[in-house]
Amino acid sequence: MRANGLRELWAAGKGAINGWAQIPTGFAAEVMASQPWDSLTIDLQHGPVDYQRALEMLQAISHCAPTPLARVPWNEPGIIMKLLDAGAYGIICPMVNTREQAERFVQACRYPPRGYRSFGPTRALLYAGADYPAHANDTVIALAMIETAEAVDNLDAILDTPELDGVYIGPADLSQSCGGKERVDLTEPRMVAILDQILAGCQKRNLIAGIHCMSPAYAKGCLDKGYKLVTIQADGRLLAGACQQAIAAARGEGGQGKAGGPY
Amino acid sequence: MRANGLRELWAAGKGAINGWAQIPTGFAAEVMASQPWDSLTIDLQHGPVDYQRALEMLQAISHCAPTPLARVPWNEPGIIMKLLDAGAYGIICPMVNTREQAERFVQACRYPPRGYRSFGPTRALLYAGADYPAHANDTVIALAMIETAEAVDNLDAILDTPELDGVYIGPADLSQSCGGKERVDLTEPRMVAILDQILAGCQKRNLIAGIHCMSPAYAKGCLDKGYKLVTIQADGRLLAGACQQAIAAARGEGGQGKAGGPY
Amino acid sequence: MRANGLRELWAAGKGAINGWAQIPTGFAAEVMASQPWDSLTIDLQHGPVDYQRALEMLQAISHCAPTPLARVPWNEPGIIMKLLDAGAYGIICPMVNTREQAERFVQACRYPPRGYRSFGPTRALLYAGADYPAHANDTVIALAMIETAEAVDNLDAILDTPELDGVYIGPADLSQSCGGKERVDLTEPRMVAILDQILAGCQKRNLIAGIHCMSPAYAKGCLDKGYKLVTIQADGRLLAGACQQAIAAARGEGGQGKAGGPY
Amino acid sequence: MRANGLRELWAAGKGAINGWAQIPTGFAAEVMASQPWDSLTIDLQHGPVDYQRALEMLQAISHCAPTPLARVPWNEPGIIMKLLDAGAYGIICPMVNTREQAERFVQACRYPPRGYRSFGPTRALLYAGADYPAHANDTVIALAMIETAEAVDNLDAILDTPELDGVYIGPADLSQSCGGKERVDLTEPRMVAILDQILAGCQKRNLIAGIHCMSPAYAKGCLDKGYKLVTIQADGRLLAGACQQAIAAARGEGGQGKAGGPY
Amino acid sequence: MRANGLRELWAAGKGAINGWAQIPTGFAAEVMASQPWDSLTIDLQHGPVDYQRALEMLQAISHCAPTPLARVPWNEPGIIMKLLDAGAYGIICPMVNTREQAERFVQACRYPPRGYRSFGPTRALLYAGADYPAHANDTVIALAMIETAEAVDNLDAILDTPELDGVYIGPADLSQSCGGKERVDLTEPRMVAILDQILAGCQKRNLIAGIHCMSPAYAKGCLDKGYKLVTIQADGRLLAGACQQAIAAARGEGGQGKAGGPY
Amino acid sequence: MRANGLRELWAAGKGAINGWAQIPTGFAAEVMASQPWDSLTIDLQHGPVDYQRALEMLQAISHCAPTPLARVPWNEPGIIMKLLDAGAYGIICPMVNTREQAERFVQACRYPPRGYRSFGPTRALLYAGADYPAHANDTVIALAMIETAEAVDNLDAILDTPELDGVYIGPADLSQSCGGKERVDLTEPRMVAILDQILAGCQKRNLIAGIHCMSPAYAKGCLDKGYKLVTIQADGRLLAGACQQAIAAARGEGGQGKAGGPY
């Protein structure tokens, strides 16, 4: 079976830099996957991407190095299993707020007896190899998103869920849920304390801690702190920023791109 | 009829900065068209984009400010007319090497008696307004690509073509056709002389000169020289560059992104 | 943030005429949205439309006047949030039969602390503007469908749900659920009494009452009664009727189109 | 082989009423093909439809009664043959202005020795039956569009082209080409004379004369005159008209729908 | 209303051979539906197929003989109803493990008062005819998948569910759930006993028993035993096997195709 | 640059077995490309495949071993160049009947000074590597289809075309053009003589001779004769044959599948 590059990286004690793909077409995904990201997550929650486009994207990046992950729209077994059958090597599940939700999620990622994933890895066989059934349970990564105050309240119970590989923090939702604004790259002491609590909980259990970041500098700081998966922005936003910089430079408006619009 | 922003800009003596859309989906086009480009060209030649995706892209950007243009795959009336019917406000046509080819191209953009465009502006009516038929001939822009030695040999005849609005230089093809490498942002004196000749030919006839650029600085230089339409890279390449910079920064590899791969 | 035309209309005490889009393509949606409807609802429940096509449709109509709404296939947070992130300015949710279902629905439409909508308005920023996060909770419309006897039994509890903007009546389902046939434009006294009860419940609480109609005359009657959102048929049915009339006229078969088939 | 309903109708001396499909999706095509049209033409020229969507549409209407035709974007053998292979039972080709163009067109519709159509009726076998190769040359209909003054000048030569089944008049283009406006339902004596000349030329040779109409009444008049194929508007326009009528009625604005917009 | 061929076959006491469509495009579905299968199931669970592609496939096969079924990704009313509205004449629902799940499933397939299916058979009217509403409840087939040990434990309760038409056995999941490997064409006595128990439970209640098979010989054996619906492999696997045989023969590697890869 | 497996095979004196992909979706292409074909040709001529689907297919098979080729719908530079930019490593061009047509074709596959291919290998860079521009002219394969009597008449002139890599014989068209039926696997002495003449012409010039076959046995015979590229049927037909065999076996109708229908 084709190895999971993220698991290899983590086994070597390293952290991974993750790209975030929201542009719903194989070509953009392939451009993303040709850059030196360690993994690439196709975002079916807030990205304008549904299953069929996610499939196209997974197919388009199968010759590229980054490990393919997917974020599902919601904690539903149907779409989780469809994306695994399509060859995703890991699932990020939003809004996991309770132990029960965590179990529902991770067991959807595992074949019996470790879970209730249904058998039929139609495309995964083509991507991963004929021995996929034998190794899938140990290869596929299951990351639960911690992004509400309720999830923080239930943190230990969630982290103790068998088969869970780690968590992925959604800072904007977490901040809002804790009474703040929809910020990312959180620096408020109150929020930093929560992030540290989550990170420590993961490290204690040898679980992966991941987090969504905006600036590369913040992402670097997270890696230095011990996060094992840091995402920088998303494809659309990186593109928007690059446009704004290029246009400003061509207009002679100084090195700093002016805000070009809503995005 | 909805005005053509490029024509207004040019009437005011200004040059335009043009975005280049090759990612074949409405969302990426909409991200591009939400940045402060003056126009956005959907590239059906070297972009992995066909008509149906170009239509989606044109629809997705119709609420945005940049003027929508399209580059066709080849000098064929069928696709030229289909893109105009879809609401493109200008066509860039590759490989116009002779006066005859220039006439075949520009007349496909004009209704009789000024050309042979067939009547049926199905979606253009929705985008532009009910009076589209009355104003289309004066609104739609026709730009012929000058990108071969043969075209340079025939430059005056091409530039004298009635109804032609201007030219668009493809530097990589032009350089290769003149015996060089597939370079852009040309600085070889031999090639600069050719570019200057084309620009002068346009300026003499009050035609638009446009050019494809790689760096914002080169694009700025072209605007300063008198080009009226400068393109900076393409969406996929801007995205790739932004990724490389972000990843390098997150890895602490210095401010300059290392080359991430082929793109 | 781009204003919600329906809310403006309602604030002025007026009722809205709503188009119903089931043809799954941007072009048909754009044709619909170029007609003088006040709003246009993309129907993902009984329309042969899924998310990706709904996105195309929302993009295609963003330059048009009608306010974009969407009816979701079922009361599921994943698809509700995806459509809001795609720029829908209101959600119509089928089969809301209990207070608990109503809360699950409306809270999916609101960011914390008013609900549990996850943050990530990827395309909504492009459609609505950079200040979308600040105003979304007050802009987005949440309409629960009342279409079962159970819902009528629970009417007061449903209507008292915080954050609910109003209801939308599905007459065919309601009629069937109450032991009748799958009729619309209901005139049976028994059913009229139920409709009046729902309308009165809304008016008492200053909520919007909406209803799906077949004939323009019935829709007019509903507006006169105080409904604030009336839908007339659906795009496919309007098209079918227009064909039948035109063909009958061309055949000289009298002014009244004969039934052309099943639709 | 599945019979060609149009040929059967014509053999019985009857004229056909043709629907015009421009909405690029199988569902709209299926709605159209479920109405009592005799044939349905998928318009790849001015309709926002490309090959892949035309294929979907042809597949979606294969269980319906109307005979499937296609109008190609231009007189190019590649797309003509692809549509025939996809199961179209007739091709309408725009802008046939000379005998040479007519030959190029009709021979693309016929297998050797009657033409140069390439063999590979991939989907046509599924639609028409295993004996398609034996009967295709006599089943498929080839109609050349007469829509320029040049075509009128060359009328006899065009009509004498072997294998041509008839012509289809594009009134808007013809009017413009003859120095008028882009009108349909032509009543100017000058234009009526030209139409009559074309019709007479067809009748003399036992060829089919077809024409694009706007109003059902005009279409009826054409049938009465001897045209054998009359089209009424197009799906998008029929839909727009139906919307305008319905909205006006629901607003109490009188029986006549006010103009709703550009379409 | 168009008859349901499977019900006719079963009424005649015969068993049906079912094709399994996982290739997400109308053309492949049409090729499949042109072969002498009695029914064709579009697999939205393990097939890389979502709703929009399933719709295309249903449209493409509507002129073909096999009865169209669909397997849904999960037991969710939204997608079940959408597929019925799209014209599927039967639903196979995975992972029905309890009586409550069985009721939730089958009632989604029936209009009130026999279930809670929402009314709006948009495309089903075009496929089945105008009287679809009157006959749908007796025409549509609801088959619950029995594929876990839990389902076997609850077998009688599930089989006694009103409105259930029968079951469909997923051998790979059933085997895994019972502690075995993901095998099909089960021959272990332990598993055969379970299969026989399920078959007997169906036969006692005059319910349909269906099963997924790999080899035609096993399928034949199941028919002989009394199964009324047997599936052989899936389109992609049949294609892969045909390729391997053809290549081996062209290489002169003997009549038996060597394993070509993972599929 | 990623090597061209076909050129390596040919350099080793071996012949290649080529798959033929007509099912327009990435999944079917990936199934095909996971079988032990040496190359896989995406057929845009008689396959129901257009550019956008061909792009998806090329992306989906980029992690697989077979060399990707494409057959274009017609000898048009626009589509030839688009497919090369999409990463096709070879083009098969139909209906090359004259030296002039051969030159037009092959030069569209070569950058200056060896041809007139336009520069912009957008996706080819991602598939092949950053040094694609330097090696493309020597890597890309150009095969002209010989499939008319006219082409046979002009055989030497065509074969002498500089930059041509070889020919691909379309037996059905060739047979029809020579006055026969649309047969493949030709055994008539008259046709065999023509085939031998083409093969000899290629061998004399060290050009590749390819041919489309139906049966594996005929393909093997061609390899033995010295053909270097033999195709067996097409994906749809292989699938149809496998279905017919499986169904017949399950019905107990003997080992030989009865003809299941038109395909």
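Order as written gives the chain letters A, B, C, D, E and F; numbering starts at 1 within each chain.
The criterion applied here is as follows: a residue touches a chain if its C-beta (ideal position, glycine included) is under 8 Å from a C-beta of that chain, and two chains touch if they have at least 3 such contacts.
On a predicted model such as this, the values are computed, not experimentally measured, just so you know.
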item	value
Partner chains shared by chain C and chain D (touch criterion as defined above)	B, E
Interface sides of chain B and chain C: same vs different residues, half threshold	same
Between chain C and chain A, distance of the C-alpha-averaged centres to the nearest whole Å	34
Rounded Å distance between chain D and chain E, as computed from the means of their C-alpha atoms	41
Residue numbers of chain E (touch at least two other chains)	22, 24, 27, 31, 34, 48, 50, 52, 55, 76, 79, 123, 126, 236, 261-263
All touching chain pairs, where touch follows the definition stated at the start	A-B, A-C, A-E, A-F, B-C, B-D, B-F, C-D, C-E, D-E, D-F, E-F
Chain A-facing residues of chain C, complex	50-52, 55, 76-79, 81-82, 85-86, 111-113, 116, 118-123, 125-126, 128-130, 132-133
Residue ranges of chain C touching chain E (in the complex, touch as defined)	22, 24, 45-48, 50, 52-53, 72-74, 76, 79, 94-95, 147-148, 170, 172-173, 176-177, 179, 182, 234, 236, 259, 261-263
Residue ranges of chain F touching chain E (in the complex, touch as defined)	17, 19, 22-25, 27-28, 31-32, 34-37, 48, 216-217, 219-220, 223, 230, 232-233, 235-236, 238-252, 258, 260-263
Complex contact set, residues of chain B against chain C	26-27, 30-31, 34, 55-56, 59-60, 62-63, 123, 126-127
